[in-house]
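Pasting the structures here.
Consider the two complexes below, in which chain A is the common component and chain B and chain C are the respective partners.
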Partner chain A sequence: MAKIVRLDVKKDVLATLNDFFRNLLKNNMSDALVVPQNLPSGVSTVQTIVGDPESVISVNPFAFVLPANSADILVKTTDDASKQRIVALFRPCEMRAVFELAKLHQINLENVTLISVDCLGTLPISDYTELAGKSEEDLTLKLLKEVENNGISTISGRDLRPACLTCEFPVIDTADISIWTLGLNKDKEILLSANTPKGEVLLSNMGFELTEEDPSERKTALEALIKAREESRDKLIQGVKEAVADIPGFMRVLAGCINCHNCMKVCPICYCKECFFESDVLKSSPKQYLDKAGKKGVIRMPMDTVLYHIGRMNHMITSCVACGQCESACPSKIPLLGIYLALGKDVQTVFNYLPGKSLDEDLPLATFKEEELSEV
Partner chain B sequence: MFFCTCEGTIGLNIDMNELEKRVKKRPEVAFTVKVGNLCKREGQDLLKNEISKSDADRIVIVGCTPRTYEEIIDKGALEAGINKHLLEQVNIREHCDWIHSDKKSATDKAEFLVGGGIARVANALSIEDKEVVLPNKEVLIIGGGVAGITASLELLKRGVIIHLVERNAELGGRAYSLDLERLREDEIILPAIDELTLNEKADIMLNSEVVEIQGTFGDYKVTVNTEDGQKEVVVGGIIIASGSNLFDANRIPEYKYDDEDVIDFYELEKMLVYKNLKVPSTGEKPKRLNFIQCVGSRDENKGNTHCSLVCCTYAIKQAARIKTLSPDTEVYIHYMDLRGPDNGFEEYFLGAQKKGVIFIRGRVAEILRENGNLRMRTEHIELGEVMDFPTDLVVLSVGQEASSGTKKLADMVHLPLDVDGFLGYYNDRFDIVDRRGISIAGCAQGPRGVARSISDAKKAASEIAGILKNGLKAKGVHSVIDENRCMGCKLCEQLCPYEAITMITVKDYITDEVKMVSCVNLAVCQGCGACAMACPGGVPQLIGFTNREIMAQIDELI
Partner chain C sequence: MVTDTKAEETVDAPNENEKKFEPKIIGFLCNWCSYTGADLAGVSRLQYPPNFIPIRVMCTGAVDPVYVIKALLEGADAVLVAGCHPGDCHYLSGNYKARRRIAILKKLLEDIGLEEKRVRLEWISASEGQKFADTVNEMMKETIKLGPNPIKSEWDI
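Our next item is the complex of A and B:
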């Protein structure tokens, strides 16, 4: 049984949520908010850090765009001495990255209350801004309506980001509070589910009464959604596995890499202060370049692109939440998401670990077992 | 560069002349020499001579695996004036010559391996072993039995301040109540307790228990629950002398330990100490007394698998003593085999036989009380039959097992338990540095008698006192963590098998961000490289295996 608060929707779902978050700050339930809000231009929605209730203007976690996986905002806003209270609103893929980063001691969750939303997916940024530029009314409300009628794989004739199409975590109910909309009538009400004592305290301090219930509509809708997405995920994985079945195939897939390291820069989990692949270790002197060319006959420039990708896979694969930001940021359209999904699924099965599922499971690398992987 | 042919056993599949010709061309190579046996005296002399003749500052040895003669080769280099870290052994024996048969490709592979060795040693740094002084010189002793008391006195003798934690209200442990021929409480244990109690450098905490241990070698912060509340002590090293428990004979119901006239050896000992041997139910001297050996020992079904080592000697001692105190009492010892680990055991056994103690080989099936009389049913292997044996007093030689707090303590200091649940695993095989300044003395590491507990305690005390006083030489190969680049993710801390990494709090000098970062304790680091492997940012650098060296080597190999 979930502990639920029902919020009546008066004007629209966004206005109701905006009021909720504004009141949170106004009533001193938190010192700061981390919430996605519409840009004044209306063409995109970005994460914001808000310190003043009057600046809670256009909270919008339902926009069909995710310019960045914003888990790292909590890396930036907390440290080991943090005392200020933060309430943070994230999509499931961001939330799972938050959990991974907390386990890696990059986020101190002590004074943070996490709120998640049911996520229907996002469009590529360029598609979204183009649509938003043309739209007369609020794009999010318009698209929410459209989705209700047409299903969830294409929106206004455009494909969702592959990461969203293959996402098996459209909701995450291990955050302190989750905002439930899936399968429910958003024009009428929103459900807030308190999943942890921290979440319960916040909601009851705001004067809400929690009731125990288990809405079956959401469960049914969720099952259908996950089933559809798992099917597309398996299809994608199969395609990638065929493409990278041998070393020449793997090299072909990575051939377009221009060594820009965008995939590392947008990865929510990549947490090193200085990336190993940008450190002095891989720098060569003029003489070394020419010696190497002399010895090997020829060297590919830029160097070490394959080493970089293999290194990143090695470092990230047990924690990858498959948010697909790497693929979205790749100027050469390397199918990174599929590679990470395929590899991630195999590795995660070996360790029986789903990244970001909950805070309670230890990271595979940080767990010492005397007997392990005897058959690998 | 020395090409060692291992007395002609290398070079069967590699063309050594061709290999030498090829690598000699490389600009880094000062000279090459062929030699038959670098691990022998003539080889070592040749190495020294050739090095002293040239201006070479690094050595590559092309030959066997470093696993066999690394120490000898390193010593040769040292005598030639070259730091051992500037020497690289390239293994073309096990890794190439012995496993390939095609001459051309074996020679090509050897060339790659040698090239890797050259690249690695060209990037290597000279490393000296570092003197490490441990910040705290005091020692914590857990357990105030004979081992704990001995260790404390030995340390005090060497001027070391000690903190002793004892769970019970009195010092002395089990040995306090034992009467041994060479150790009586009024001769050894009592004066030792007095001496310890009166020493002002001894901080003795009775009725106390260790609840938390943090930190590592040289700097342990220990929380103790004492009679006066919680207390924290800071020490450099720890001696665990937490003792063992005696097997509870109630766990084998057929031995009727709940019967008044069935006692364990410890209860008998008290009777013997006070010269008050009697059958509890009647108050009279026993006419027939039977010892049952291996109660709870060597018994996978109902007790422990291990042999308790001391019970045979002990029963024989008690039996002989009974014969002295009460010559008319018939004394039988029922045993599986007699095991005596100490010198003189056989003489001891023969002496008891002469005194009239009767030894019967066989497992006792059960003890019965019928019509007020005690009987036991037992096999008699030599006679090949099952016997019904009347008796009026039965003594169960219960074995020792790991004491109840052992697992908790082991978790606190991160030591593994052995198969029998004792803390034995680490002690004798590893140097105290590998054990992070933790020694184990007495029965905490397995069943043993008083004499061996005392010698354990002396060894542990002298070992730890020496290092705390003089410091130690940290191994040349060790990890270094740059706190400015450390992300504080704790992966290396969680993985370090030696607990050489601790987290310290630092403040970023630009942003004021407060962060825990990893810090290596050189006294403990063994240079295994687990940290360097775990860190995605490559922050821990293993001196002696730096990224630069390894990358250069890999570059040559592929």
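Our next item is the complex of A and C:
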């Protein structure tokens, strides 16, 4: 049974949440907030760090756009000495990256309270800003209504990002608190579920009374959503596996790569200050270039496309949360999400590990068993 | 430490086609065990092929899979990573962690159609000269069966 607070929706769901977060700061429940807010132009929604209740003006975790996986904000704003309290609101894929980064000792969660939200998916940024630029009314509220009536794969005739279409974690109920809207009547109320003692304390300190309940409407809606997502995921994985099944196939998929390394730069899991693949270790001298060309006959420039991709996967694929930011940032539209999903599943299955599912399971690369992997 | 035996003499009679192919194998050998084991194989005049290139590392736990990939991309037909037996790693758990990394690498290589057999992890102690020679000879044989590493000849990598 979950521990629940019901928030009445008066004006609309966004205004209710905005009040909730503003009150957190006003009542000194936290020193700072990390919350997504609409930009003043209304054309996009971005993560913000807020230190003053008067600056909590347009909290919006339901916008159908996710410009970044912003888990790294907590990498930037916490360290071992952190004393300041932070309440942070993330989508499920961001939350899972937060869990991975905490396990990688990049985030100190001691004074952080994590709040997640049921997520219906996001559009490519350019699609979203185009729609928002044209919309007269608040685009989020308009699209929320549209989704309710029309299903979950396309919005205003546009496909969701592949990562969202194939997302098996549209909700994550292991954050301290989760905001429940799925299957519920958002025009009437939203539910806050306290999933940890920390979450409970925060909600009780705010004066809310928690009741024990488990709304079946959400369960039913969630099951249907996950089923649809898993079906698309399996289809995508199958297609990608066929496409990359041999070296020529793999090279065809990577043909357009321009080695910009955007996919690494936007990846929440790639936290290294200097990426190995941009370090001096892999730099070649003038002589080495020409020697290589002499030996091989011809080399592709820039070099090391496969080394970068397979190498990066070796370094981080056990923690890939399938947020698809890599694919969204790729100027060449390389189907990176599908590649990371397909190859990631294979690797993660070896260690029976689901990245970001919880804080409890050890990272595959940080631990080992004495008796295992005898086939290697 | 490398004997001058020809590859053909150390493998079972290969067919005409296979005869021409002399696989190049790179070995990342742990300083504390397998590297000495390889040395022992050399001084004991145990036969193993000349086109095996040993690289000394301080522990299998220090072998980033990226170097294994680099070896495969730049001409190796197979790669051996060899280190201390379980329980004997000088850094306690380097070899166990190496085993996980190699397991990941093999899965990924398999998925893009590169035979996982081209990468091999073995525990070979300083006194196991014979095991070292056997391992390399066996790898030679298997690699000849697999044929040249398909990715090394692509130039668009």
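Brief remarks follow.
One rule holds in what follows: the second predicted complex is superposed on the first by the 375 of 376 C-alpha atoms of A that agree within 3 Å, B and C clash if a C-alpha of one lies under 4 Å from a C-alpha of the other, contacts with A are read in each partner's own complex, and residues count from 1 in each chain.
One rule holds for everything that comes next: a contact is a pair of C-beta atoms (placed from the backbone, for glycine too) under 8 Å apart; a residue touches a chain by one contact, two chains touch by 3 or more.
Bear in mind that the values here come from a model prediction, so they are computed numbers and not experimental data.
Partners chain B and chain C clash in the overlay (superposition on chain A).
Using the contact criterion defined above for the overlaid structures, shared-chain residue A:L343 touches chain C, although it does not reach chain B.
Contacts of A:L365 after superposition: both chain B and chain C are touched.
Counting the residues of chain A touched by each of chain B and chain C gives the higher count for C.
Judged by the touch definition given at the top, the superposed model places A:P40 against neither chain B nor chain C.
In the superposition on chain A, A:F276 makes contact with both chain B and chain C.
By the touch criterion defined above, A:G207 reaches neither chain B nor chain C. In the superposition on chain A, A:K241 contacts chain C only, with no contact to chain B.
In the superposed model, A:V298 lies in contact with chain C only, and not with chain B.
Residue contacts after overlaying the shared chain place A:M251 against chain C, while chain B stays out of touching range. On chain A, the patch touched by chain B and the patch touched by chain C overlap at residues 276, 315, 365, 368. Partner chain A is touched in their complex by these residues of chain C: 64-66, 69-70, 73, 86-87, 93, 96-97, 99-109, 111-114, 121, 150-151, 154-157. The touching residues of chain B, counted against chain A in their complex, run 484-491, 494-495, 497, 505, 513-516, 534, 536-539, 547-548, 551, 555.
On chain A, the positions that touch chain C within their shared complex are 241, 244-247, 249-251, 255, 276, 296-300, 305-307, 310-311, 313-315, 317-318, 342-343, 346-347, 350-351, 364-365, 368-370, 372-373, 376.
By the touch criterion stated above, chain A contacts chain B in their complex at residues 79-81, 104-106, 270-276, 279, 281-282, 292, 315-316, 363, 365-366, 368.
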